[in-house]
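Please go over the structures that come below.
Shared between the two complexes below is chain A, which pairs with chain B and chain C, respectively.
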Partner chain A sequence: MNRFMRWLGIAVVVFIAAPLVIVVPMSFSEARSLQFPPPGYWLGYYRAYFTDVSWLVPTWNSILIASATTVLTMALVVPATFALVRHRFRGKSIADLMMLMPLAVPHIVMAVGYYSYFGDLGIVHTHLGVILAHTCLSVPIAFLVLSANLKGFDRTLERAAQSLGASPTRTFIHVTLPILRPGLVISALFAFIQSFDETVVAIFISGRGAETLPRKMFDSIRQEADPVIAVISTLLFAAVLIGLTAPLLLSRWRGRRARIGTG
Partner chain B sequence: MSTYLQLSGISKIYGQFTALEAVDLDIKKGEFVTFLGPSGSGKTTTLMIIAGFETASSGAVNVAGKSLFGLAPHERNIGIVFQNYGLFPHKTAAQNVYFPLQMRGWDKAKGLKRAEEMLDLVGLKGFGHRHPKELSGGQQQRVALARALVFEPSLLLLDEPLGALDKNLREQMQIEIKRIQRALGVTTIFVTHDQTEAMSMSDRIVVFEKGRVQQVATPLELYHKPETRFVAGFIGESNLIEATITDAAAGEAGNTALGTVEYARTDKVASGAAVTLMIRPEHIKLSRNPVDGRKNVRMKVETIVNYGDNALVIGKVGEQPMRVRVLGADVVIIREGEECCISWTRDSVYVIAN
Partner chain C sequence: MALSIASLSARKNMWPWLLLAPLAIYMAVFFLVPLADVAVMSVTEPRPTLANYERVLTTALYQRVFVNTFATAAIVTICCLIVGYPLAYLMANSKPRTAMLILLLVTMSFWTSFLVRTYAWMVLLGNNGPLIWLLRAIGMEQPPQLLFTRFSSTLAMVHILAPYMVMNIYSVMKKIDPTLIRSAESLGARGLSLFRHVYLPLTAPGIANGSVLVFVICLGFYVTPVLLGSPREQMIAGLIGNQIDEFLAFGMGSAMAMVLLFVTLVILTIYHRRFGLDKLWG
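Showing the complex of A and B:
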């Protein structure tokens, strides 16, 4: 039984990790299209990615759109979360529901809606259109993360700050915000990733004018299965790995430095 | 000395529910006053009204003759230690203590130096660089105390600060808090539901029940001369016996489960008044045979709880339950289920008017 469970565990891990691991060797492949195992290795497709404007422009679009989406999402979500978590008012439950609606509605339905509505407004195929659509999709995710953090926030700390002479504004700046910072960072990160990764809505409304990276990858794999896709996948995979481990290493390094500094 | 903190006619009403009813209180400068009462008695509500986190429905709070109402919490200059300490987790101990000075525009180097001095005073020299989560409960408590005192507040409020500590640490902190309070001479209000804590620390105790102040007195006065039945039952252990005064001039009460009882003479009750007689368990003597010169009754012993140095003997005289506290060595004369003699002098019988 124990042995069976162990093998099952290994099988599950392999099954989950395999697609990730396969793209890495394929990105160094000499083959003319996606092929596994690769017939030989070189760095040609990396050079192709970093020199080809038809790949660099969508990359830049995606970064721009995801960044703007993150800023806009946080500007909406931070005040909304404080209002919804800390205050009671008429229509609160409806407001709660509306915040989370985009999670429940299929993206394809949203995409069709945006296509016709943004068409009327004349912002289909523009950066602005994609940013607005992505913000709608990011808001519920950012809200869920931040509200969980805010619910766990001990309000005694704010009272303590006020009793010590901090006005409500200074309490927010010196106590509430720094303590919520990890939650805010994770919330913003989720907003960024959801926009960077989003494909369905992007296919419908990004067009030539604001083509995003996932959309370009989708088009490419349909037409020619260009191994550059494997390059991009590998680079994204590496970026995520760095993004996940860097804060951990940084805090360890800081902790060690603090101990040396005071010891 | 004159009044420093004055509460007059403080009431707090939530819809139909009256949480506080016309609380009046005068506290002198440098006094250590404890608000004692069960949960929901209004003691914390009163504290929060003084701090400015609750607003009173009516009444006034004055410090040194000036009203606190109309001032926001951050403008009141009151130090508070909260039940769970309320230390800022993202700041070190020294930064926590420096915070109130920072808010008052102190120079950083000077402020941090002052914070270290304060940590020194509460016995945490060299702990300034640690974050709250790297400190024990008792150490966190000390940081919170240092932080609440570093800006020389006009009042120090302590909201059940020892509740989360274990027994030994609690006793140690009681002594520490008293020492620091005396050293700085700061006027202090301490909120607790623990009567031994109140007895051991306070100059005066304010007993709250159901939103009313029952009695304001020194710990010993409260123990020996409770003014209400609630205070008599809440402070220490007591035998409370319903009675009617039969002869006020002679000091005799009848109609009790113990027969006629003579009480310590008082002119606060008249013949015919319904009263409660209080006899503290340690004032009752347990013996095999009646003792001359004392009031003797026979008690059937039901339970003996032995604490080693002393024992609590619980029994009944007729239908009246009685508790007797005896020295541990004396308890060997009696067993559960037996009858014995209990006796007391008239001076140990204290009359509470109903």
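Showing the complex of A and C:
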């Protein structure tokens, strides 16, 4: 049984890894359409991506929209999370459920709703519309991360500060916030990524005016499979790889330096 | 004195509401209203009747799409389980370094955008892709069409959703007390019977979590079936998309969306009653 599980596991690892790895050689390929193995290698499609306005504008739109979404999400979620984690009140369970609702509704359903509602409000195909929609979809994710952090928060630290004479505001700024910082950063990062990757709602409401990168990629894959998509895929993949390994390597490097320092 | 305590406690009770108010108002205006808009459109566009629902539920073409969507979601869930269970097992039972590497791979896949992974499968399964190349190399004269079939979209969805399954099962496996397994072994449980009577029941909550999550996400999946699937075997999300951006049939699109939403919520409610919804994503 054990050996069987092991071989199955290895087969699955290959299955998971292959699609992630394949886009890298494709991005350096000379081929005009999908072809593997590539006939030759060059950097032409990288140049194409970094010089073509029709790719750079959506990239910029996505960064702008994801940043604004993150700020708005955090401004709404941080106080609400404090209320929901630290207080008991009537209607709390409904409020809890409301925070998670956007996760339960398929994005295509929301896309139909936003398309018509934002059309009535006159903000369909604008940055504002996409930001407002994306914020709703980012709220549950930011909330889940932050509330998990806040539940694990040791409140005796706050009491200690207050017993030493710190006012509630001072305690909040000098004790609560610094301890919560990692949770806040991760929660904001998740909100950013949620918006940056969101495709379905963006396909329907971002239009020409606020075209996001996923929308542009979707259209491009659907129509012609432009090789530039392999370049963007590689860049996004590299960003994920760096984002995941950098904290690990950094903490290991710090740990080693600390050991050398004390030893 | 009594009065001031009462007013103090009243003020204390105001706090959570004040903190919660901005988000609650925001969600009401930008989440509930557009959602309600879909519900309203489904019975008022183009005329205020229930005709849209009647058409959605009785037309053979749409019925086929519903059946197809359910079948695909079920197949994807089962495949995710077949793929995810051994991987989670490997993660939970390997040396720390190996476990770490697999965890890194799974998280990497999880965080890589749906679109990137969908595109990658397009490359892998394309007519000039490595898989067809391999099939030719081993002597197949006429390799089958892989791309734009039910096979390609199902395979890509399994790949995209497998990390959800792995993470859910792994988090349960990691918490299993190894002494339980050892004591079962000391009582004579071996191989398959150890797995069936001890390990499998212990991991059941992870399986339930992962399966519900994968099934529900798959029901409403838009991007991958539209890009990789066969145009003749649509899933419901693709059909809703068509109604909106091709036919501008908001009434029909909304009615289909409401049916999809209803089914999703029924599944999640049953789950919520038994396990609690917050555990699903947490």
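Criterion: the second predicted complex is superposed on the first by the 244 of 263 C-alpha atoms of A that agree within 3 Å, B and C clash if a C-alpha of one lies under 4 Å from a C-alpha of the other, contacts with A are read in each partner's own complex, and residues count from 1 in each chain.
One rule holds in what follows: a residue touches a chain if its C-beta (ideal position, glycine included) is under 8 Å from a C-beta of that chain, and two chains touch if they have at least 3 such contacts.
Just so we're clear, the structure is a prediction, and the values are computed from it rather than from any experiment.
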Which holds for A:82: it touches chain B only (first), chain C only (second), both, or neither? second
A:19 in the overlay: touching chain B, chain C, both, or neither? Say first, second, both or neither. second
In this superposed model, does chain C or chain B come into contact with more residues of chain A? C
Does chain B (first) or chain C (second) touch A:218, or do both, or does neither? second
Check whether A:242 is in contact with chain B, with chain C, with both or with neither, and answer first, second, both or neither. neither
Contacts of A:163 with chain B and chain C, given as first, second, both or neither: first
Which partner chains sit in contact with A:98 here, chain B, chain C, both or neither? Use first/second/both/neither. second
Complex contacts: residues of chain C adjacent to chain A: 13, 15-17, 19-20, 22-24, 26-27, 30-31, 33-35, 37-38, 41, 83-84, 86-87, 89-90, 102, 104-109, 111-124, 126, 128-130, 133, 159, 162-163, 191-192, 194-195, 216, 219-220, 222-223, 226-227, 237, 240-241, 244-245, 250, 253-254, 257-258, 260-261, 264-265, 268, 277-278, 281-282
Could you please specify the touching residues of chain A with respect to chain B in the complex? 154, 156-157, 159-168, 170-171, 174-175, 178-179, 258, 262
Of all residues in chain B, which touch chain A in the complex? 51, 53, 72-74, 76-80, 82-84, 86-90, 99-100, 102-104, 129, 147-148, 151
Could you list, by residue number, the parts of chain A that touch chain C in their complex? 1, 5-6, 8-10, 12-13, 15-20, 22-23, 26, 33-37, 75-77, 79-80, 82-84, 86-87, 89, 92, 95-118, 132-133, 135-136, 139-140, 144, 148, 193, 197, 199-200, 203-204, 214, 217-218, 221-222, 225, 229-230, 232-233, 236-237, 240-241, 243-245
